[in-house]
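First subunit A sits with subunit B, and in the next complex the same chain sits with subunit C.
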Partner chain A sequence: MAPAATLDVHPPNGPPTAEPSAGQPKSQKTMTKAERRELQEKQRAAKAAKTAVNGVNGKTPGKPKDQAASTGGAAKRAPEAQPKTAAPAAVRAAEKAKAGQASTTTDTMGKNQARGLLIFSHFGLPKPVNAAKGDIHPAIARLALQFSTFKITGANARCIATLTAFKTIIQDYVTPPNHTLSRHLMTYLSPQINHLVAARPMSVTMGNAIRQLKLDISGTDFDLPEQDAKDALCRQIDTYIHERIIIADQVIQETAGNKIKDGDVILTYARSSVVEKVLLEAHASGRKFSAIVVDSRPMLEGKRLVAILSEAGIQCTYLLLPALGSVMSEVSTVFIGAHSIHSNGAVYSRAGTALVAMMAKRHSVPVVVCCETYKFSETIQLDSFTKNELAPLGDLFSSFPNNKPRESLTLENQPNLEILNPLYDLTPPTCVTAVVTEVGVIPPNSISSIPVALGRLL
Partner chain B sequence: MAPEPQNIPGHRAVETLVAKLRRRQVVGSREAALETAIVLRQVVSKARFTNIQQLITVIREVGRRLAEAQPKEHSVGNTVRRVLHNVREEYNSATKGSAASRNVYSIGKFVLQGQPRKQSGGAAKSDGRITLKENDPDDQDSFARALKPVLMEAIQDVLDELETVYDNVSKNAKDHVHSDEIILTIGHSKTVEAFLKSAGHYRNYTVIVAETAPSYQGHEMARSLSAAGISTFLVPDSSIFAIMSRVNKVILGAHAILANGGLFAISGALLAATAARAHSTPVVVCAGQFKLTPLWNLYHEYGALDFADPSSVLGFEEGKLVERVDVVNPYYDYVGPELVDVFITNDGDHPPSSVYRLIKETYDDDDHEL
Partner chain C sequence: MFELVQALNDGAEELKRRSPNPISLNAGCELFIAFVTLFPHESDNFAELKKELEQQGRKYAAEALAFRDKIAELALGFIKDDSVILTHSHSRVVLRALLHAHKTKRISVYVTESRPRGLGLRTYEALTAAGIPCTVVLDSAVAYVMDQVDFVLVGSEAVVESGGLVNYVGSNQMAIIAKAANKPFYALAESFKFHRLFPLSQYDLPTHNPNILSFATPPSAEQGSASASAAPAASTKDSGNLGRSSPPAERAMTQEQIARNPGVDYTRWVQRCAQEAHVGILTPEGVSQYLVGMFAG
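Our next item is the complex of A and B:
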């Protein structure tokens, strides 16, 4: 019932643009106000008559659609929207159609069904990447596919991939006549960015990089010939990547590497590109230490890290997250990476990091976060619910062990059973001992003053 | 005088159970306790003894062999201690007609004086005193014959209690869970499952089940709860901290409850309990009283360790990694008493600080070391 109602709802004063208007004699603009209102009333009356006639029939096709939508996951926001709009829609339908009985009862049924899902409904499952609408550059289409299938993961990797794709786009871009590059390029890039966001929600690193790019574009010299302007932009992008990611990582490697002493047992969680570099660098410079890699579903990225570290000759131990309590007493330092850091020092990172940091704090083990300054976010998040991402269902990452029977592990969404795989969580600043950035080692409470101290916006 | 293994009556049954325990064919602490009680019943029924001390020695010998077969399965030893305690109690009530404990040094005696003793059916059932002749030279079996019926009843009490554990734990489930609550649980404890299903009859609430890798018992639990009509979410262990801010209660099952109020639980329980403490969320442990263990030391983090198959963590399909990397797969975690708020047992609700008193009441001091 509810979906049918939402489709019927239209803004009170605007003309119903979603209506399949068959053969309207005049366009909306040319009609006078009175004529428009008359048309609206006619359409509303027709609809009310339809709902009065159809009653339950019209509502039941809506119900299976409701279920299909919630299991398909594409309309995760729909259950949230439905109870909100269901109430005013139900009131209106009851007034107009005088079929209030049918609509309100099916309404409450729909609400009870969605009640368990409401609390997580804002997470938003990734929508299936539909065929590219409009002019999507092939590089962006490819990148979006790689994002949605998790072939490229990690804040740094995604940002570098995005910027590299943008460089290609900028080089292929041709300013249309009567437009300036500095004004038009951004409008040209917007649908590309939206396509990427539709594949997977944007990471903070991508957001910061794009913001810097927008700044650069709007600052391009008006008089510059087009090719020079494009080259300048590409150079700026290259500088951004080089300075704020590559060089920053090298400085962090050295600084954090100094915190590793001979005989240490270093614990890390999942796979952070920065921590991987730190450990490899420390090993290459001759320090003798051993590593414990803690891993967890849904992504099981730690296996890859273990392969790389053991290839380099570091003695590694591998375990899953629940076993953490048994080994934490042996650990000397915990190194974790971050997706982003908020102004209050809270670390937004792969799901499970908060548990690692909390257990380390309980055993008085220092927790060192390795994070470049371009990952700083100006917002403050209070818990892991405000902003999060769900991994798609199914065994996308082949994360189940082979020695367990398959049917017991591949659970689908059933009535009363829902599977959630949040990808991120928030580590409170109290659990973090220090943050290593390219500008130094700072305590988590001072994160907000770093951009100001550096004279930068981000 | 320790009897030879072959001289223990019913030793074949004992050997069978020892083999099953050693091969870990007995799965679950309640199963182990039930099998132990059945074997002990057989042993006692076939035993020949002329005084009580002989019987107790026989039972202790059996208990020691069973406990050594699988030292991590604490419910075996607990059942033996329980049976010993009941046997002694029956004997005391039969000879002296009072329910006083043999121990004069027990602090439990001070606690119990003035309190109605927990009825294990001993004094009420034996009508009056049985005339017992210990060490009778003429009729060696008279003592045993007279006492055996009462002992059988005592062991049957233990069996009955084991069989009704789930019902008794879930008795007050609806008082502990209110409507629209969100409860977090991990692993697949049958006690917790019965508790939640019983509450589900009266209340409408949501359960979030953590997968508990690498055994993935959470999947079974989620399937069973959702089939019972309780709205369930299945999440990986990595998101326990993330969702904890919305969780109202954490309900855990236990493998063994230690004398200091701590417990051994499936690995992952420590993460859930610590995250709950960080969010000031109450932690409830549902367990039967047969899990109470009088053992206690300072090194529980190591005492809990029972390593399971590492191929569930890193399988042989990883090939090269397997030979270069150490893989750790502990099955149990130790959760300290400061992290638990209440133990819901088949004998009522108890805070962790009073577990020592329960142990004093349930077992005899002599039996702590079998």
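Our next item is the complex of A and C:
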């Protein structure tokens, strides 16, 4: 089955080129499948062999026997995907993905061992992108890399990036014969989603958006011409981004901005895109206030926020989390963003947020969470231990002090030391005064009633 | 249709400007405007729609008056025979509930004087006229009397989205004391007082203005404001303590000083037990859920 499929894909009239190693094809013929696989792994490890495989998988048509050996493995990994996606676009995508995968596999081997304390082993690690199963669209492959290296962070940014990538996929997708789009597209999307999740655990926002997309796909009319159906889906994605994120943010900006009075001192933690917009908007509408940005290692995301706010002309103070106690008594309102918000009103946000909220409660300072309704999760979470992620390892984001070589600062490879950097924590609902959403300001204990009131899926 | 809503908004704005305490007014206006925008109008011409809206509005206004009776009936379940009730200031809905309870149960009532307007005296008159044993207590004596009472029953200016309560000033301290003494604290409110507002603090209320709680310039500059302190607690104590050293006249706050005091305060939901509206008896959390449902739906 596998050789037949590959013969369809590659032009049979391709001239046989020079072999990478002379003895290989003869021996491969006699080998068992397992042996061939083993050989292939070895090939990957060796740099020369890797490029050879790469070349075969990519553009240059190799010798048919060699092809059978090398693509046989790939065909086995995705047994049903290969023969079905005979359409040119999908094959091109598959080949590109394989090329990408071949180049990344070797350098991931070394770092891939699980680190961290044993009890935290269930935390999602920022994993390097590894061998993809099935054919992965290049847009998704790129996105997965950006996620795993924290090039794209933040619940909103990740959700928008994912949906935009899905739009590309849907446009490139061709329904195979004897299938309907509404039934088949999801089976095509699932491996793409799995690939993204393998790179970094899926955010609640992405989960909600994908659920909506699935609903839209399954609701697609059977009789619609394929291009129209794809356009309609893309339009629905656009609407989702527009209504649930962009317009929602604008409403939140206005509502939360009204809570800022002249002379207020606003405290925020790390960097939330929504809070940033709220502060900028309030400043633009002429409110006189100053901002305190509290930050903490290892991400130090607040630096960026301080830069943006002070650029806009807002009086800013920047401090790290340990200094929080000394400024809290001067603060009028605390604004924080959220990764997601759970049914019990608990706010899942950047690690350190809970500390800020609890400190604010202690000082009777109102804590306002800015959060779009699409960040609502119907689950209940009681602590930040059951579900969390680990921040990227190493001192990737730190540059202090500058006068020492970076190696002397990293603690990474010490035998008796494990570094634990949880990415998120959970703020209990009792520490939150109000949640500003696009449907209004609501107390955290009424979060669960919102989806019911809106009468729709999250 | 859009113009109508615009006109209604303008009208509401004008009313708000004229009224010294716009919160409850606001709630009513907002409810009506929400009703107009969400009203399913199948009638094709505007005149018919207008008639329909007007009719519905009048019907609601008529019903609203009956809400108090309904609340009085609901509140009856909370009032046991021989209970001692503490209430604050003057509220028509509380009065109605107490009078209704008096028909079937023996109750006695403490009512606060509620300075500076002294509306508690009005409640006192109404209750004694009906034959209910009633005593007026000082606002500053709430903590003293709290252990004697079975529960606290207050009216409300507005019920806000947090499940909190906006009411005549003094309600908040009453609620805090009730909480400390583990006494139930009930608020009665018609559902048209439910307000889409989320105050983060006392100073986040629409009634707050910079003049409230401002410090007066020293007496040398001003013509005669006696004391620079403007906090209500300080001022009332003032009259008690200094009364002995300067025997002649009882000290009273000047109009100017009174003006620096807030008219209403905001009671956070944590201090409260239950909320009764004509829709039923709600917990503070229930209020916010009801409100979200009412306006978002």
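As a working rule, the second predicted complex is superposed on the first by the 322 of 458 C-alpha atoms of A that agree within 3 Å, B and C clash if a C-alpha of one lies under 4 Å from a C-alpha of the other, contacts with A are read in each partner's own complex, and residues count from 1 in each chain.
Going forward, contacts are C-beta pairs under 8 Å (C-beta built on N, C-alpha and C of every residue); 3 or more make two chains touch, one makes a residue touch a chain.
Computed from a prediction, not measured in an experiment: that's the story for all the values here.
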With both structures lined up on subunit A, is it a clash or a fit for subunit B and subunit C? fit
Just to be sure I read the superposition right, which of the two partners does A:Asn208 touch: subunit B = first, subunit C = second, or both, or neither? neither
Quick one: is A:Leu319 in contact with subunit B, with subunit C, with both, or with neither? Answer first, second, both or neither. first
Now for A:Ser349: first (subunit B), second (subunit C), both, or neither, which partner does it touch? neither
Name the contact category of A:Ile442: first (subunit B only), second (subunit C only), both, or neither. second
Which partner does A:Ser273 reach: the first (subunit B), the second (subunit C), both, or neither? neither
Minimal inter-chain CA distance - subunit C and subunit B, angstrom: 18
Going by the contact rule at the top, pick out the subunit A residues touching subunit C in the complex. 259, 261, 333, 366, 368, 433-434, 439-443, 445-446, 449-450, 452-455
Per the touch rule above, subunit A residues touching subunit B in the complex are 115-116, 119-120, 296-298, 303, 306-307, 310, 315-327, 329, 350-352, 354-355, 358-359, 362, 383-385, 388, 400-404, 408-409, 411, 414-422, 424-426
Subunit A touches which residues of subunit B in the complex? 182, 206, 211-214, 216, 219-220, 222-223, 225-227, 229-243, 245-246, 266-268, 270-271, 274-275, 278, 301, 304-305, 309, 311-315, 317-318, 320-321, 324-330, 333-334
Subunit C contacts subunit A in the complex at 161-163, 196, 198, 200-201, 203-204, 269, 285, 288-289, 292-293, 295-297
